[in-house]
Each structure stands twice: as structure tokens, then as C-alpha cells.
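Alright, structures below, take your time with them.
Two complexes come next, and they have one chain in common, chain A, joined by chain B in the first and chain C in the second.
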Partner chain A sequence: MAAPIEKSLPIGKLVFEKSSFKNEKSKHEEFIEDHHFNYAISCILPNCKRIPDILQSSCVGEKSFLVQDLPLIEVISLDLIEAFIKRGKLRMLSHGGTIDGDDCVAVLPTGHLILHLSKDTYQQLGLEGKPSQFPKRKKSKYIVDIDLTSPSFKPGKKGYNRVKWCFKDRLGLKFNFIATWTPSDNEVCPSSLQKYFTMKGCKCKPVKIKCNMKKYNDVLVPDIDPSQVDFDNMDYSYPDVFEWLGGFSCGIDLSCNPDDYLSTYSFNGPTRPPATCSYVQYSGYFSCQTVQSIIKSIRDSMEEWKLPWCSVTVQGFMDSPLSWKQREHGYLNNGDNLYTFIIFPDDSYWLYSAYGSYDLVS
Partner chain B sequence: MALYRELPTHVFENTAAIGLKSRSAVENDFVSSFLQRHLPANRLRKGEDKDLKYKTQNLDKVKKKKPEVINKKRRKGLTSRERKKLKLFDIKKEHQSYEKYIPMHKIWKDYIQDVLNIKSVNKDNIHAAQERLLKADFHGSCLTIQRSKCPSYVGVSGIVLQETRNTFKIITQEDQVKCIPKTNSVFVFEIGGYVFTLHGNQFCVRSAERCTRKFKLKGTIEI
Partner chain C sequence: MYKRIVGKGHLPYAYLKIKLEFEDGALEPEIEAAMFKYFITQAIQSLHGEIGASHSVDVLKFRKRHLEAILRVSCSFLSKLWSSLTLVGNYKGQVCAFRVQQVSSHLMALSSNSRELNVS
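The block that comes next holds the complex of A and B.
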């Protein structure tokens, strides 16, 4: 008898939203905050010959760092909880392991410690959890959720002691973490977390930020009309724009040359006259605050740079256990969790959020 | 003959005021309403309460159950159900203390060292020791649960008080008696510098049966 074939899942999901930054009910800030682990930021600037310095400075000045071999027992230490988790937004993610094979750990700004454990580790660790949603039938991964900021989570209490014992005496789990900390008090320096870990005897080093800049001449950039509401009567729709952005980011020739051997792709809708177009991608680990500030600075200087529109794409880590908020994330064909803002000069925006097949969409 | 006795006069006079139905109306649907109330649901579904002509219900010849005669000659002791009822194996609260069982653990230690011949165990004859361990008795051993499908069992450790086919009854150092199923757990104990691992899934045999039983190799140790 043949093995049962698992019901095929969709390759991905794309959610499209349209709003304006000026709209009071616009949720763009929460949306950015909820996407905790940002791996790369890429911008497409049409009609722009030089990458503005402001992007460069805010990305390169990112204060994320890598902590090597941090024992999990340190994460639940009271000093860290009181001094950092409760007084700011701490985001930590285990680095180097794959989500479908290894154990992954994340600390969220809400004070939750999420352990995404393989079956072997889960059975030996001794902490109660839930089987992961993905893959659905086969219970091979388990999720343990510990609320670090809960009032009952302190030394002397039964739950705390159990967690401590499990981390310390059972397996002695250690992970490489990438971390950022955004203090709620502006006078405290975000790098004090790094100092704290160094004091505890862990090796820390800043996350290397890679920069990839490209400039293309004579590009036919789509002419997007932000006021358009109804896509039915138009030549192009929002997925076409997203496709174009993707193609452009990969450096594909999009000049719609019908005789081209490699690609005859062209944008369906109207295009602007050929112009120079810049593309920049920074990869490393970025805090949500950096993303916020980049979007804000682009919004502010849209007029000055004379851009028809500008796109900012933020990619999450493939192997992060969470995508948005506390929604589970997995890796089947691709660990996609990314969102794209297309910003227009009149402060309206289009927002695409793309999910992989092992992703919960609310 | 009337089905019901006459109502008392003071009730009868006020029937309209109380809102009682007239007698004939009640009498007419007495049988059907009785059946509605008492017939099992599946017979009601077949419509037996309506079609009464061919149905018979014996009221007198009901089979009586024979009282079970326990063959006293064959069975000397109590049945396990009786044992359970008498709470023979339940340990009373005042006897549930870890310290009381430490001597038992010491005796077991001597016993298992004898059985395994622990001093002469080396790499070559460890297999024979494992065979002997299978047939050994575990009452009094100090077991720790190393891994389990249910994470809250993990880390429980204590002296075995009773072993049944599917469970170990353990007293922990906090004087708690816990009943832990053998399935889906892996137990560990240490003796003479060796750490032995018992895979509970393959250990679901009564201790008395185990010493005569032939064990087969099982492929997987996954739980």
C-alpha cells in the first residue's frame, strides 16, 4: 500500500491592504511592531540615482548583536526579566538552527519565551507544551510557551522552579541568540543589553550587516495610481505590481523585449518613461524601530527626492518560529514571511504581506 | 372497570378552575403516553407505540439471572476485583513516607548487585547482565523517569513500591505516591557505576511473568 499523500497546501498566501499613513485607524505601526524578527530590508527607489544617506545611516547603525552559547537559564534569570524585558522591548531569536529540524527559541517583547522543540528534546525536557500546527498530522514539533512577565513567575514559586530545573539540570540547552533591545526609557542605551551578556561571560559580537546596492538604467517602472480602488476595470492588479517588484529585486530584465530568449515578461499596466532606478538591500538583523524610522524618513523626504512611489520590503527570518505576533511559522517549500509597503507621495500606502504555506494567517 | 379512581368531590367540583383535562381524554391516550415514556428510543423510532396490534410484551416470564456461584474449591484467594474493593494495595496516608522505604531500597541494592554480579561486569559480559536484569525484581529500586511522552512525568524519581503489568507505583522524596504508566516512558537507574535504561514500552509485563518469559528484540525504541 502506498503511503498516504498529505493534502496539498497552498504554496503561499498574499494579503493586500490599502490605506493611508494619515488615517487614524491605520494599523501600519502595530503591523511593523508585530513582525518581530526582520532579516532584511530592501528598498526600490524609482527615478533615483543615488541611495539617500539617511537609509544607509539608519540601517548600518543598527545595534543588534549575536550572543554565543547563551544558556537558556540566563533568559529566565530575574535580572534580565526585571531590567530588560519589563523595561523595553526585548527580541531574541536563536540563530543557526533550522525550524523543521532543530530547536528554536524566541523571546518576544510581550515577555513570552517561545520554545519550538523537536520531539526528542520535548520528551526529555519536561515542560508542558502543545504540538505544533505544522505539519498537521505528524506530531514532530512541539511548542512551549512561558510567560516571563507573569506575576507568579518568580523564584520560589513552583512553576519557576520547574522551568529552572528543566533548563539547568535536565539538558542544559544552549543557543546562539541574535538580540535587539529597545528601551522604553530614552536615556538608556540599547547596547546595555550587550554589556549585560558580556558580564555574564558570553561572547557577544555585532551582527554583520550586508549591503547590496544596484543601479539600473532605463527601467520601465510601472505607473501606479494610488487612488485606484477598483481593480476590475484596469489592465493590472495588485498581484502584478508585487510580481514586478519581486522580479526587479532579483535583477531580472523586465524591459518587455518580445524577442528576448530568457524572459519576455512585461508589466501589464502602464509604465513611466525610462529612468534610472535604484535598489538597495540591507541584510542582518533589524529591530522594528529601525523599520519604523526608515519608513518615516522615506515618507518625509518623498517630495524632496521626487519619487513617484517607493517600495520597502521587509523579510523575516526563514527559520523563525513566529511570523507576526504569536502566529506560528514553519518551513515547507519556503519560509516566507515578508511584507512590502508601497509608499506614495500623498501618504497613502499599499501593504502586501506574504506568507508561506506553513503559516497561520489571522 | 374504570382505569382511575374517582377524584375527590372537592377537586372534582373545581376541575375547570384548576385546569384539569376531562377524564375521558386522559383515559384515551393513557396507553400511548405510557409507551412514549417507557419504550426505548430505537423502538419508538420504529413506530411500535402506534402499531400495537401485533406486539406482545411478556410481563411474567422474565428470565432471572442466576446468582454467580464462586467455585470456592478452585479459588483459594481473593479475586482481583475483591482485592481492589478491600483496598489491599492502597498505602495508608500515615505509611507514605520516603524514609520508611529506604531500608527496602538498601536490600534491593544488595539483591541486584548479587543478581547482576556487578563487580565482574565488564564490556564482554554486559549483555548477560542485561538478560539477568530483565528477569530481576524491581520492587525497591530507585527509578527516575528520563523521558516521557507526557512531559510532567519527566524527572519524577523515587522508590518502586509496586509493579503491575502496566504501571510502577513510586514514592518520591516528597512523600508522594505516584502511579506511573510504563508505556511511553523511559526509566533510568544507577547501580555500581553503571546507568541502566529501561524502555517502558517493552517492559509491559507482570513481574512474575517476566522471569519466565522469552523476550523478543523489538526494532524501534521510539516513544
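The block that comes next holds the complex of A and C.
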């Protein structure tokens, strides 16, 4: 046998949680809200012949858009801070650059502006930051964190003027941003943000939502018993179910024989009788609000649709500088940051959160 | 009621999404799934020998028309498989190369790729 490679970094991490939506301490809402940049939402609906309209309408109606060549100085303008950042949840992410090579920028609903900069840009810009945690030894990327909602961040104050001067006179940084805005006031339309940027002279385009729907007949779906959590005494464990869900999402034929020449994959756990199973994936850019409403509508209609369980997977952007909350995120082999809810009819859930190697797991 | 399990160390498997590419304009040969797997096993054997080739590589999915596949290997074997794929230069005398498009330890992650988002 060849010598093993020592101290190699795991290329991924998996965290499993089991709880109930009814549990008062359940943090599912915060969990969804903390994952800012959602690229794709996919659902697996066993025993279901067509995708319910409610899923379709909430995903396709998403009001996210792309702002082209937005100068960074516009992000710190007082109008934007007062009218949008302080009156709702603004999430913006630079689009088109890769996190391991280019500069990336994110605006969080907490009012923080995060600049994830390459060494060159960082040194030319002249704002104070700290080296990124990834890659560990080589300081090739730097992070600058600016709190836009801080009371001292106002025109006329030293800090504000410095940032403004850096953005305007030192480096005229421009990015393409994808943005969503969820206003705190329900009567305000989320598309006002798009109007605002258009008024400022920027070109805006809606992010097209792509939809991929599939229906498979005679699928042997795992029979999951949510009350069982003692995986030591069972034929299957939680990663096996996650692997099955992943395989189904990739369109893999999962009924193969373990003695097959091509693949030795098999699912060891119990399965339900063969039935039709639907799969849908929407990709684009989604606000956390949309994810919340999808989960809520599935929970409400679970019994009506007669689903034994249902899975909802949300995938984040690989090149986002943060995964959850303000936890740093990078790219090595992959930039995974995704989570899957398996929802059961009794309102309990299983939650998988999957990370790549460059991610701070809490 | 509430339970949280944090996986420690390496996850058991690594998954790769790969594509076999031929030169522009070249007539692509028809490759069956079994032949594709044999080709990969040959590649491993030529770099890592018999023992390397005895390691199991699962072809979970193979799209014949696009010559794209999803492979599964144990995590410790990933770099050996990857290096073997990199050094492949021809298929039955025709110049070709493997492109590794996505690598992850979660099969779920291969179902989408956010770098493909094209707004303009």
C-alpha cells in the first residue's frame, strides 16, 4: 500500500441536528436567516406527482437583481444606509469574482460591509483590516470590516471621511453586485432598491431564476423514522440518508446492486414501497425570506400532500466571503456551504449542514 | 429531543464530477459506462500500479453523450485518483484530457454549481 498522506485537511465537514419546529428553543429560523447568500433551493417530494404551485410561485417571484459596475462609494452613501440598510435587511454580494483569487465584497443585514481583498488591493486601499484565516500560513487575503450603522459612521467624522477618501481617491473600486432587500415595513415594495440604483445611474437587471423539474417513477425512497436517533443500533446512519438525498438530486440511479462492476453503492436502510418521486431545483439568488416561506408552506401542507417526509436543500454561493453569520468562508477544492432540512409530518426535522474545508464551523 | 452530532475527521467519501474532453473538432469515440470505468482503472494502474488499481472507484453516474461522470472514492484515495486522471493523455490514440469540474465530500454539493450563475 502506498504511504498515506499525512495531516491532510478534511475536504468537508458535516453537522447533523435533530429537533422539532414546535420546540421553543429550536433555532431553525435564526439558522436560515444567518445564511445570507442562497444560490439554489431544491426540494425532494416523495409520493408526489407534481410540484405544488405554492413552491413555484414563491421561488419564481423572487425579486433579486444584479447591479452592474456599482462604485463602492455608493454603498457607503448616507441615502442607502438610512433608507435601506436601517429599514430592512439588505444583502449584497459581489458577483463574477472568485474568492480565492479576486476581491469579493458583501453587505450584510447587520449593516456590516465586508471587503475580502487580495494583498495588492489591501495595501493600495489603506484601510485597516486583518489577514484572512484561510489559507492559514500564507497571508494572501485580507478582510476589512466596516460597520455602516455605527453612530460614528457619518459624513464629517474622521472614520467616514477616511473610508470615503479611500474608495474615491485611492482606488475607484467597482463591482457587479447581486442584491435582495427585505423591508421591515410590509407596505414598502422590495423592488424600491432596484429603483434607487437605477436613479443613481447604474444598470440593473433581474436575476433570472432557473428551474429544473424532474419526476421519477418507481423510486425506493428511504423509510425514515424520525423518532429513532440512536444510530448505533440501526442499519443506516444519518450520513447514509444525506448521501441518498444527494444522489437523488444529482439524478443518479440509486437502485443499483452492490456487486455491480460500475458502482458498489447501496442504501442499507429500509425503503418504502416504490412510488413516484418529484424533484425540483431553483437556482439564482434567493432571500432568506423566501426560504422561510417555502419551509412554512411545506409544513402547513404536509398532511394535505400526504408526504412521508420532504427535504429542502439550500446551497450557498461558493465564492461568498462568509457562510453563516459572520463566519469566514474560503475556497479549497470546493466552497461548499449548504444545508438540508428533512421535514416530517409530526413537525420534527433533521437538519444537515455541510461545509467545505475552508470554513469556520461553530 | 434535541440532538446534535458533529462529524469528526475526514468524511468517508469524496465525490468528483469529471468530464472527458477531446480536441476541438475531433470525432469523439463512443464510450460505454463499463469502458469508461475500465479506462479510469487503467489510468490508475499506470501511475500507481496493481495495488492502486485494486482500490474501488465507483462510477455513480455516467452521461454518455456529454462524457460526464460522477465518481465516488474513499477520501484517502482522492489525491491518487486525481493525479491519475490528470496524467491521462489519450484514449485509444486520440488526444484527450479529464477535466475535474467539482470535488466535494458531500454528494449533495454536486447538484449545483454557483459559479455557473450567469446573469448577463
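Worth a mention:
Keep in mind that, in the parts below, the second predicted complex is superposed on the first by the 347 of 362 C-alpha atoms of A that agree within 3 Å, B and C clash if a C-alpha of one lies under 4 Å from a C-alpha of the other, contacts with A are read in each partner's own complex, and residues count from 1 in each chain.
One rule holds for everything that comes next: contacts are C-beta pairs under 8 Å (C-beta built on N, C-alpha and C of every residue); 3 or more make two chains touch, one makes a residue touch a chain.
A quick note: this is a predicted structure, and the numbers were derived from the prediction, not measured.
In the superposition on chain A, contact of A:Q315 is made with chain C only, not with chain B. Of the two partner chains placed around the shared chain by superposition, neither chain B nor chain C is touched by A:G61. Once the two structures are superposed, chain B and chain C can be ranked by residues of chain A touched, with C on top. In the superposition on chain A, contact of A:Q124 is made with chain B only, not with chain C.
In the overlay built on the shared chain, the residue A:W165 is in contact with chain B alone; chain C does not reach it. Listing the residues of chain B that touch chain A in their complex gives 146-149, 151-155, 223. Those residues of chain A that touch chain C in the shared complex are 1-2, 4-5, 8, 10-20, 23, 25-26, 39-40, 42, 66, 68, 95, 98, 176, 178, 205, 207-208, 229, 238-239, 242-243, 245-247, 249-253, 261-265, 281, 283-285, 313, 315-319, 333-336, 338, 340, 354, 356, 361. In the complex of the two chains, the chain A residues touching chain B come out as 122-129, 165-166, 170. Listed in rising order, the residues of chain C touching chain A in the complex are 1-7, 9-15, 33-34, 37, 48, 51-52, 56, 58-62, 70, 72, 75-76, 78-80, 102-115, 117, 119-120.
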